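First chain A sits with chain B, and in the next complex the same chain sits with chain C.
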Partner chain A sequence: MSHGKHTSTASGTWEGYTRLNLWDSMLVVLCLAAIGGWYWTRPPESGKKPTHVLITAANKPTREISLLYDRTINIRGHLGLSTIRIENGKVRFIKSVCRNKVCIHSGWHQHGGVACMPNRVTLELKGHTVEYDAYAY
Partner chain B sequence: MINILVVGVREKEAKQAFKEIEDDFMYWNRVWNPWGKSAMSRMNSLFQSTEWVSAAPSVRPVIKRAKELSIKSNGLFNPSIGKLIKLWGFDSQPGKDLPPKDARPPDAERINLLVRSDPKMTDIVFDDIKIKSKNKDVMVDLGGVAKGYAMNHAIKVLKRRGIKNAIVNGGGDLKGMGTRITRPWRIAIVDPFDKKDAIGSIYIEKEESIFTSGDYERFFVHNNVRYHHILDPRTGYPARGVRSVTVIHEDGTLADAAATAIFIAGPKQWVQVAKNMGVNKVMLIDDKGNIFVSLEMFNRLQLHLRKDTTLRVIPFKPVIHK
Partner chain C sequence: MTSGTEKALIPQRQDVLIAWLTALAITIHIAEAALPPVVPGIKPGLANIVTVVSFILFGWRVAAWVILLRVLVGSLLLGTFLSPTFILSFCGGISVLAVLGLVKLSRLRLFSAFGLSILMAIAHISGQFWVAYWLFIPHSTLLNLYPVLVTAAFFMGTLSGLITLRLLKIGQDKINSRLKSLT
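And then the complex of A and B:
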């Protein structure tokens, strides 16, 4: 693929290229899903560094884990265990039952997120927190 | 006093459920109160006879559960020291904020007398519907389990009525189930040194209760010493060394009693007591502000700590190296 002068960033224009139609984008998604991993990056919101990672596994409630402390977490997904590692405010998959290990090869993530499609585990980095439903004291 | 949050329910159904729970709570508030005229205070006066009497059905199951939990805690959680609580002036009548400003610690000799008579939950024995205390100084105050017991009940009522997502909040101690539909229930853990700040937060998973025991709930200050309401049955004085203990467990009654027992156990013995009681999600903050958490709790908590806070994570289960 040849790079036009505006196409290197996500906010670049599509000038000179044909816009993807619905079927094209579905094909892309399917291909990515078939390969088995999916990650996205996004500049941090208003320059804030992410503080938490939201973990969603197949049919399980979302968990929010702080990025402040280094740790290793096992997550039971659709196929089996995925292991993620939190270190220095970054997160990555380090072990996974999936076949192609795209999630592992995608490496460390500092913003945006990463998903292991076959095992249905999503990690999303969040810079801000939601409100509370109750206070425990 | 109690606050219930539900989602995904019609208003009419929610109101009916709230009414049922409120009625039960008001009834229990009346019959469990050991200081006024109630079934519990009648039981307590009968205990002094050390004879077999018939157990009031409204209090029997709670006393039984409190006894089990007291045994598990090795007697640290001891609801039978009502006389000691009364002596200290921590017997709060509903709606009254005790103790008064000019309160002072009671006479040491009187405290010692009650400690030496050693009232404990195992002094209470059951025989079918009959009950007796082998010790005339047993006076049961259900304060350490009542809230947990009532919250288990509230969640049960909601479930029976088909409500799946709820938070029942009784002034800082709570039980939740399900989610808020779009996201899990999110609970702030209030900083015991700065009530306006959250020390961390947690998402409710499935069905969980969060109970906290703190030395800031009921206390008085005399000669610059703070005397709080969590009495150590071994000494007869307020337990020292701990600021607050938070316990998470599905069973509200267990979480409630365990928070008290772990508080009394103190920074040196708390891990053993927590294990004995069968809870593994525990956070203890000592009187200097150092935070101790079990690994199981740490993995669930999102801590918002200041830079100078010491945090120690203690794995409860033995770590297996492969």
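And then the complex of A and C:
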């Protein structure tokens, strides 16, 4: 439609863009179907409380730490130190070198996880990962 | 030679046009940045309106200038230049341009401004998301977030799409008379 000069769009042609058409409706239906499908097929969230937190920092191997004991942990990330606090089976960032402190403001987390993007630190809450082969008394 | 240089330094009509559109986009961009984030990572993205209108009225090139200048100047004003925020914003802009490029190259006018708005919103968040995943946190948990972000983008795209349609309809006569004076 526009060759050479920017406004060579013949007067009137752009007005075609102001009318909703079948393709728009199809796009909307497709989006809604995809979104609905995703929520529909999502596995139901297990009601179990997490027992461990997986800590991944700036390409270092993931550490797994129990949520049973309250403690404060320093993590060295991409920019510097992030400090997390584990309390009552919950976890939060309490200090971070990052600029916007979104990780800190997001508060306590009891399921799912939380990440500090600038410092590249992720915390993921996990249920029991230990599976026993045998019990011995 | 001299005349060539002089000619290059005089702002052309199109430069002024781009400057106006960019100023508008930056204003919206910054006003949004000032809003308290209800959910981190999700914002209305109403500057999308300016992108879509630029593309429809003036073509891909003008839209490209408006997007890239908005990302650059917006980040300078907000102090996020070259930070992760900027990189994400930039990549979002690039993917929007890629999709608009495809729309232009296909020469098919499938979608109206409304459909384009939704496409742009989803393109923007997708570009951002995959760059964030690839560059910053390649962590599988992040993938769970993608559908949520796309859902948000869809609704924000719908909102800005409706605004764009309304805007173009209200301004139809004015736009036409301005376009005529520009050519």
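The working rule: the second predicted complex is superposed on the first by the 84 of 137 C-alpha atoms of A that agree within 3 Å, B and C clash if a C-alpha of one lies under 4 Å from a C-alpha of the other, contacts with A are read in each partner's own complex, and residues count from 1 in each chain.
We take it that a contact is a pair of C-beta atoms (placed from the backbone, for glycine too) under 8 Å apart; a residue touches a chain by one contact, two chains touch by 3 or more.
The structure displayed is predicted, hence computed values, not measured ones.
Of the two partners chain B and chain C, more residues of chain A are touched by C. Of the two partner chains, chain B is the only one touched by A:52; chain C is not.
In the superposition on chain A, contact is made by A:73 with chain B only, not with chain C.
Contacts of A:21 after superposition: chain C is touched, whereas chain B is not reached.
In the superposition on chain A, A:65 makes contact with chain B only, while chain C stays out of contact range.
Comparing the two complexes, no residue of chain A contacts chain B in one case and chain C in the other. On the side of chain A, the complex with chain C involves touching residues 1-2, 5-9, 11-12, 14-21, 23-24, 27-28, 31-32, 34-35, 38-39, 56, 99-100, 102, 106, 112-113, 115, 117-118, 120, 122, 124.
Per the touch definition, chain C reaches chain A in the complex via residues 14, 17, 40, 56-59, 61-62, 83-85, 109-116, 118-119, 122, 132, 136-137, 139, 141-142, 144, 147, 150-151, 154, 158, 165, 168-169, 172, 175-176, 179-180, 182-183. For chain A in complex with chain B, the residues that touch the partner chain are 52, 61-66, 68-69, 71, 73, 129-137. Here chain B touches chain A in the complex through residues 3, 5, 167, 169, 172-174, 176, 179-180, 183-190, 192, 195, 198, 201, 203, 205-206, 210, 212, 214, 244, 246, 298-305, going by the rule given at the top.
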